[in-house]
Structures are given as C-alpha cells and as structure tokens.
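Paired with chain B in one complex and with chain C in the other, chain A is shared by the two complexes that follow.
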Partner chain A sequence: MIDCDIHHVIADQADFLSYMDPAQREWFQTRGDLGLPGYPWSHPFGFANDEGLLEPGYAPGALERISREALDAYGADVGILHANDASTVSLMASPYRAAAFARAHNDWVREQWLDGEPRLRGSILCPAQDPLAAAREIQRAAATDDRFVEVLLCAGSERPYGEPRYLPIFEAAAECGLQVAIHTSGEGMGIAAPGGGAGAHTFYIEWHTVGSATSVMSHLVSLICNGIFERLPTLKVMLLEGGVAWLPGLLWRLDTNWRGLRAEVPWLERRPSEIMRDHVRFSTQPLEHTDGHDSLLFEMLEAAGAPDILCFASDYPHWDWDDPKFVINRLPKAWRAKVMHENAAAFYGDKLGLVTA
Partner chain B sequence: MREWHDVASLEHVIRDGRAIVRVGGREIGVLVDPSDGSLKALRNRCPHVGSPLCRGTLRTRESGTPGAYSLEEGKVLRCPHHGWEFDLVSGVCLDDPGMRVAVYEVKVLGGRVHVLA
Partner chain C sequence: MIDCDIHHVIADQADFLSYMDPAQREWFQTRGDLGLPGYPWSHPFGFANDEGLLEPGYAPGALERISREALDAYGADVGILHANDASTVSLMASPYRAAAFARAHNDWVREQWLDGEPRLRGSILCPAQDPLAAAREIQRAAATDDRFVEVLLCAGSERPYGEPRYLPIFEAAAECGLQVAIHTSGEGMGIAAPGGGAGAHTFYIEWHTVGSATSVMSHLVSLICNGIFERLPTLKVMLLEGGVAWLPGLLWRLDTNWRGLRAEVPWLERRPSEIMRDHVRFSTQPLEHTDGHDSLLFEMLEAAGAPDILCFASDYPHWDWDDPKFVINRLPKAWRAKVMHENAAAFYGDKLGLVTA
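Entry: the complex of A and B
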C-alpha cells in the first residue's frame, strides 16, 4: 500500500531554524508561525487529530507516530510526506524569505525525516511566488537526495498554475524526474487569491466544502488549457485533497467547452479529459460520503477514468483523514489494488525505490 | 436514391456567398468556399443539437503550440450556435470526429446550381 499524503509538522522550531540561513534566522524566530501566512478562519476543534490517534505524548505528525500510526498500523510500503502549514511558504509576501524557508525545510526533511524512516519519501517545497528561484531550489534539493519524489505546491496561489509564469517550476520538476503535487491549502492566505471565486469565505466549513475544491479545479483546468502537458510530455501532476465527486461534471463541461472554444487553446489537439487521464492523478481523500449512493459515485468516476486516475491518500493526521481500511471497503473490489498501490507506483515510477518481487 | 436537383442560380449564390435551399424534406446550404471559390453543399442541420449550421461563418481554423497561435490551410464552417467547426469536404466535425454532417456533390449547369441529394 502506498499512502500519497502523510503530513508532518514543525514541532520544534529551534531545531527547524538550525537549518535556516543564519543571516535570516532572527527574522523567522521573531514571527509567530515562522512567518507563514494564516487562514482568516480556523477549525472549530483543531486541524490535527490529536485526540483520536493512538498514543499521546508526541506532537502530531512526529516521526515516531507516523511510523507507528500511519505506516505500521496499515502495513504501508511507502508514505509520501507533505508539509503541513509550511506548504503555504509560496504565499509569503517576501519571496526572499520564502526561498530561505523552502531551502531550510528541504534540508530539514532530508535529515530529520527521510533519514529516520526508510518508508517515507519526500516532497520539495519551493518559493512558487518567484518561479525562477523556485526552479533553482527544486534543482538544488533534488540533487541532494533521491528520496525526494515530487515538488509540492499548495493550491492557494496568485494565479492558476498553468499560467506561463510558473513554467520554470514545472520544467525544473520534469528535468529532475520529479512529479508535481498540488495540495489543497492556503486559499485566501497571504498573497493568494480568495478561495471559492465569490470573495472570502466566512467559515472553515465553507472553505472545506468549496475553497479547498475549487482551487484544485482551477489548477487542473489551467494546466490543461495552457498546454503544460504538451510542453512537458513526461510531466505528471497529483491533485490532493480537493475531492473527486465533482470531477466527472467538470470534465464534461471542459470537453464541451473545448469543442466550441478551442480557438482560444488551439494547441489542445485532444479532448481535455483525455489529456487529464494521461497526466493527472487524484488523491482519494477526502472521498466524499454519498449517503448510500456509493455505486452512483463510482459509476460517475469510472466515466472520468477511474480507477486508473485515483491514488489512495490518508491525509494523516488531520481531522478528516481517511482510514485505509474504510476506503478499501468502500472501493469496488476490482479497483482496490490499483487505487491502494499500483497507480501511485506507476505515477512515481523508479523514484519510489520500491523493490518489486 | 440520390438525384440531381436544380436548387439556385449561380449568380444568387455568388452574390450572397451562400444559399439555403430545400430539397425534399431537407434544408441544404450551398456555400462559396472563399479559399478557392468552389461551391460546397452541406445539410443545414448541425448534428450536435440541430442548429442551422450553414448560416455559420466560414473561417480559418487556428492551430499552434502552447502559447503560440498559427492558422491552418483552407476554411471550415463554424456552427452559429455553439461554435463547433466542420470540414467542408468530408462534413466531419473537427471538434468531435464522432460527428459528421451530410455533404452533397455540387455542379453548375447553364448558370444554375445543382446538388446531388
């Protein structure tokens, strides 16, 4: 089993800051939250599932807990580690601070996490608000360790990631043989556009229903329409935590619009949905609850390319995480091996370093 | 059984660039292809939702590479309602090759336009 989304947190700021450029360390020390932007609303009882998980005594997402609760407990072969709050580094006002943060974070991940747990693989943070600097950091970090398997971008952004300004990020990822993960987070934070498309949300429940999904939709459509996959044929993108039940409808809209509006994007010679199937994967979590209509959900998803486009993710240790056993039991039997393991193994390829029997 | 039908005067078609004519129960559009002056005839019914296809614009279709636009050779017919484009010779919908509109042979005899329908 491969878990495509395990989160870790910076529990010990002093330890983290030991990786920081000394000339910038004081600036980060004197900010709350290490200078990262914050949401204007907050979860009513806590983002991380401290109460529900097995053993107290460790910070949520600390290495020992990840090993035991996310990997051992479900027999996971590999877990892909994603920054928690730190994924919003690309929404800091200062691209210079963001570059320093990302660099420190990548080095810290390598030494403090990947060295400590052989089943974990890392994702590279980058200052996406400065795409040339981001590309340099991707190249630097990738050269330091083969256990980095992807670049992590948060779905909160100034503009959708298909915009040509972001091209250096995707080019650097492709050059380094890395895939790109775009993970829901940061919509409306810092320099990001407001989530949802109708102005700022009032509540966390609104963001978690709308803002966290529409950002992912926007990136998907933008990447396809701007021809990123025509430019970079080896590039693959994983969209995380934006949900999937909306996907068939979005693709039907996009394909229909492409037929009539193709003149805007004449470089798309295939239906957008076909491009998506070849290049984009979706995390299962949070797999929408359907109030008894699971068979309808899976039939719709099949029309969009499932099971090949779905990869299991738990989102450990967040409050809305999906228990692997729960997901396996919901999935159609014929989907289970692909969704729980094979699709992610194909997505990351040799980078995953899996020993195949 | 197809047969030739005298549907319009050539002068009329050239003056207006097109003529919408009725043959039996069908509406057919006779269009002057601006790329070479030839006449083309297609059924005036878009296979998408039945719109009057032959009232659409004859235009040059774009192609390109990401971020760079160029133009293809020849002209295509763009449906006036939803913008789907059709090849004038084969009738194939270029935006959904599973769809096709009927096309008809055209000839001119003594200043009159005939279609084989």
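Entry: the complex of A and C
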C-alpha cells in the first residue's frame, strides 16, 4: 500500500531554524513564529484528528507516531510526506524569506524525517511566488537526495498554475524526474487570491466544502488549457484533497467548451479529458460521503476515468483523515489494487525505490 | 413554457441615459460608455449566438426579435428578462453611480421592455456594493410595477452573498414578495474577487468551464451556511448559468461537513441539502453536455433533488444558448412539465400574472 498524503509539522521551531541561512534566520527568530500566512477561519475543534501530531505538546514523538499509526498499523510500504502549514510558504509576502524557508525545510525533511524512517518519501517545497528561484531550489534539493519524489505546491495561489510565469517550476520538476503535487491549502491566505471565486469565505465549513475544491478545479483547467502537458510530455500532476465527485461534470464542461472555444487554445489537439487521463491523478481523501449513493459516485468516477486516476491518501493526522481499511471497503473490488498501490507506483515510478512496484 | 433567462442589452446609450438622474448622467456621457467593468478575456468569436441582438447595428429590433425568436418560436408563455452586461452594475467602483445606473435601468426596463411585450417579466437591478441603497432601490422599483418578479444579482462579487452585509437586499426582496436570481457574470471584473478561487483566469474557456460555476457554488454554500433561509423563510433563490452536474457532489460535501462542523453554524437545524431543496432552484442552461452519459447525469441530478429543482432557461441570445426543443428532448419524459413550466410557475408564484400556473 502507498499512502500519498501524510502530514508532518514543524514542532520544534528552534531546531527547524537551525537549518536556515543565518542572514534570514534572525527575522524568523525575532518574529517568534514561522512567518507563514495565518488562517482567516479555523476548525472549531482543531485540525488534528485527536490530540496527536498537531498538538504542541506532542512534538517529540511525531516521527515515531507516523511510523506506528500511519505506516505500521496498515502495513504501508511507502508514505509520501507533505508539509502541513509550511506548504503555504509560497504565499509569504517576501519571496526572499520564502526561498530561505523552503531551502531549510527541504534540508530538515531530509535529515529529520527521511533519514529516520525508510518508508517515507519527501516532497520539495519551493518559493512559487518567485518561479526562477523555485526552479533553482527544486534542482538543488533533488540533487541532494533521491528520496524526494515530487514538488509540492499549495492550491492557494496568486494565479492558476498553468500561467506561463510558473513554467520554470514545472520544467525543473520534469528535468529532475519529479512529479508535481498540488494540495488544497492556503486559499485566501497571505498573497493568495480568495478561495471559491466569489470573495473570501466567512466560515471554515465553506472553505472545506467549496474553497478547497474550486482551487483544485481551477489549477486542473489552467494546466490543461495552457498546454503544460504538451510542453512537458513526461510531467504528471497529482491533485490532493479537493474531492473528486465534481470531476465528471467538470470534464464534460471542459470538453464541450474545447469544441466551441479551441481557437483560444489551439495547442490542444486532443480532448482535455484525454489529456487529464494521461497526466493527472487525484487523491482519494476526501472521497465524498454520499448518504447511500456510493454506487452512483463510483459510476460517476468511472465516467471520469477511474479506477486509473485515483490514488489512496489517508491525510493522516487531520480530523477528517481516512482509515485505509475504511477506504478499501468502500471501493469496488476491481479498483482496490489500483487505487491502494498500483496507480501511485506508476505515478512516482522508480523514484519510490520499491523492489516491485 | 416559462423561459427563466432571456438577455437584453442597452443598444441605444443616449436613450438609456435619458432615464438617469441628470446629476450623474454627465459622467456617463463624458466617459462615452456605460462605465461598467470590462471583461479581462472574451469569447473568440463574440458572445452572441449570431449577428443578432448583441450586434451594435441591430439595436432597433431587439425587442421585436426577442418576441419573435425567443417567445413566438416556442410558444413561450413568459420570459424573464435579465440584463446582459448591465448585471455587473454592482461591480462598479462607485456605489453612487451604480445606484443611479440601477435606478435608470429599472425605469428603462419598465417603459421600453415590459410595456412593449406582455409576455416579458423584469428583474430589478440594484447597487449590491451598497446594500442599504440596494434595498431602497428594490423597494422603489417593486412599488412602481408588478411585472418585476425578482431581484437580479451577478455572481461576481466582493464577498459571497450570505455575508451579513448583504442581508438588507434579501430582506427587501422578501418584503416585496420578490425572489432573487443570482446569475453567472462579472467574476473577477471591477471590484469583484477573481473567479475560480486560485487567482484570475487566463482564458475565456477557463472562466466558462470553472469560473462561471464556482462562484455559483460559493454563493449557494454561503447563503445556506449564513442561515439566510432561516431568517427569511419565504425567500427563494434561483442560481443561473453555473451548471448543475457539480451539485450532487457539493451537497454530499456540505451535508458531511455540516455533521462535523455544525458548531460553526448552529442555526442550521436541518441538513443543508434539505434547505437547498426548499429554497433554491437552478436554471437548465448550460445543462452539461455529457458525451453519451445523459442517463448518468439525470441520475446524478435526481440524487440532488431533480426534477423539482430545475427550471428551463434558454439564455437567448448567447452563443451557447439552448433551443427549448433540444432541452425537452434531452430531459426524461417525467421531468418535462416540471422543468419547462411548473417549477418556475411555483417559484415566481402570483407575480407571474398567469391565469393558470
């Protein structure tokens, strides 16, 4: 089993800052926090599933707890680590501080996490607000360690990621043999545009229902329309935590509009839904709870290309994380091996370092 | 048959401005256009279906052409008029000019359109950026003419319409016995937040695929979460031109999140999907083209409450408008009477002035 989304946090700030360029470190030390943009709303009872990983007092055991609770408990072969709050580094106002933060984070991940648990793989943070600096950091980090399997971007952004300004990020990833993960988070935070497309949300429940999904939709459509996958034929992108029930409808709209409006995007010679199937994967978490309509959901997903496009993710340790056993039991039997292992093994390829994929 | 969405334009600017408060008129005259926010992208071949209504040269016959092409041709009993570009009046920087514009527009609609074609009904424009002024204009316009059946808001907005600042608009509508229509348009224009939730789109095809849908999703979730329908039990809202295939998935997410996060919205004592079914309707146009999956689409819509929640709209005369005959033939037989007539008749009620509803 491959778990495509396990979150880890910076529990010991002083230890983390020891990885940072001293010229930038002082600002973070003076400020007293990590300088990441804050949430305008928050979960009424806390983001963590229990009083575990995200609880300040819990810091010392974080790695051991991931090993035990997210890997051992389910016999996972591999878990992909994604920064929790730190994924919003690309929404900091200063690209210089963001670059220093990302660099420190990548080195810290290598030494403190990947060296400590052989089943974990890392994702590279980068200052996406300065795409050329981001490309340099991707190249640097990738050269330091083969256990980085992808670049992580948060779905909160100033502009959708298909915009040409971001191309150096995707080029660097492709050049280094890395895939790109775009993970819901940061919409409306720091320098990001508001989530949802009608102005800033009022409540966390709104963000969790609509803001966390619509940003992912927007990046998907932007990447396809800008022809990123025509430019970089080996690139694959995983979209995490935006849900999937909207996918068939979105693809119907996009294919229809491509027929009517392809003069705007003449470089797209195939139906957008075909491009998506070749290049884009989706995490299962949160696989929509359907009030008894699971068979309808799976029929919808099949129309969108499932089971080939879905990859299991637990989202451990968030409050709404999915126990792998629960997901396996929900999935149609014929989908299980693909979703729980094979699709992710193919997505990451040799980078995973598995003997059999 | 009731057509819930027919667009008309301001073809003769000087004539339109003759309806405006002279103190404000000069600014519009000096400027030389109508002062509405412009599109950052546009349809590569023009927004109109043919060289018809939206063509500058066509101005003189607009009303006659609506009568002939949108009403006579299909034996429509009633058509609801919605301002085309002018619906973005609430995205003008100046709320004072917007108020003058909306007032002039409502008087112009009454004299130039409703007086000229007995099958048409009007929607009231208002300066939503100044909600108290908007409420006053709704009350004034409603008092002048019973043929106004609703208030029209564009889905482009500074904040989602459930925000308390907008409550006076909904209160005024409810008090005047009017429903509220929220129509896709204006996302990212003027003072509106960017559409899509990940920053401004690059292309019209992106807006038409994702931006025009996500704003409608955001308003739906915002109105429900803020308890607008608990405050105003007689209020009903029609959401136009954002599509519908995303609806079952969005309701699954919202119901699930309500179970986990209702501490944020303690005034919601029922499942959000139930509130939606009692208070919200959706226009058919654009009913997603499904590449052979129509039966799946209708199964999805049934899970979301169809056929009771769908109302026919042609979107005449836009490039992607739906011929009523085409829609009737796509719909399941058991849905046709409801979608083409009964649901809209119930939504607007006595305001429509039909002998039999």
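Assume the second predicted complex is superposed on the first by the 343 of 357 C-alpha atoms of A that agree within 3 Å, B and C clash if a C-alpha of one lies under 4 Å from a C-alpha of the other, contacts with A are read in each partner's own complex, and residues count from 1 in each chain.
Going forward, a residue touches a chain if its C-beta (ideal position, glycine included) is under 8 Å from a C-beta of that chain, and two chains touch if they have at least 3 such contacts.
Note that the structure is predicted; figures quoted are calculated from it, not measured.
After the superposition on A, what does A:263 contact: first (chain B), second (chain C), both or neither?
both
In the overlay, answer first, second, both or neither for which of chain B and chain C A:226 touches.
both
Counting only touches as set out at the top, which of chain B and chain C does A:96 meet: first, second, both, neither?
It touches nothing on chain B or chain C.
Under the stated touch criterion, which partner chain does A:326 make contact with: chain B (first), chain C (second), both, or neither?
A:326 sits against neither chain B nor chain C.
More residues of chain A are touched by which partner: chain B or chain C?
When the residues of chain A touched by each partner are counted, C comes out ahead.
So which bits of chain A does chain B touch that chain C touches too?
Correct list for chain A: 226, 258, 260-261, 263.
Along chain A, where are the residues that touch chain B in the complex?
Interface residues on the chain A side: 164, 226-228, 230-231, 258-263, 266-267.
Note which residues of chain C are touching chain A in the complex, please.
43-45, 155-163, 187, 192-206, 208-211, 213-215, 217-219, 221-222, 225-226, 243-246, 248-250, 252-258, 260-261, 263-265, 286, 288-291, 293, 296-297, 299-300, 303, 319-320
Taking the touch rule as given, give the residues of chain B at its contact with chain A in the complex, in rising order.
Residue list for chain B touching chain A: 61-69, 82-85, 93, 95-96.
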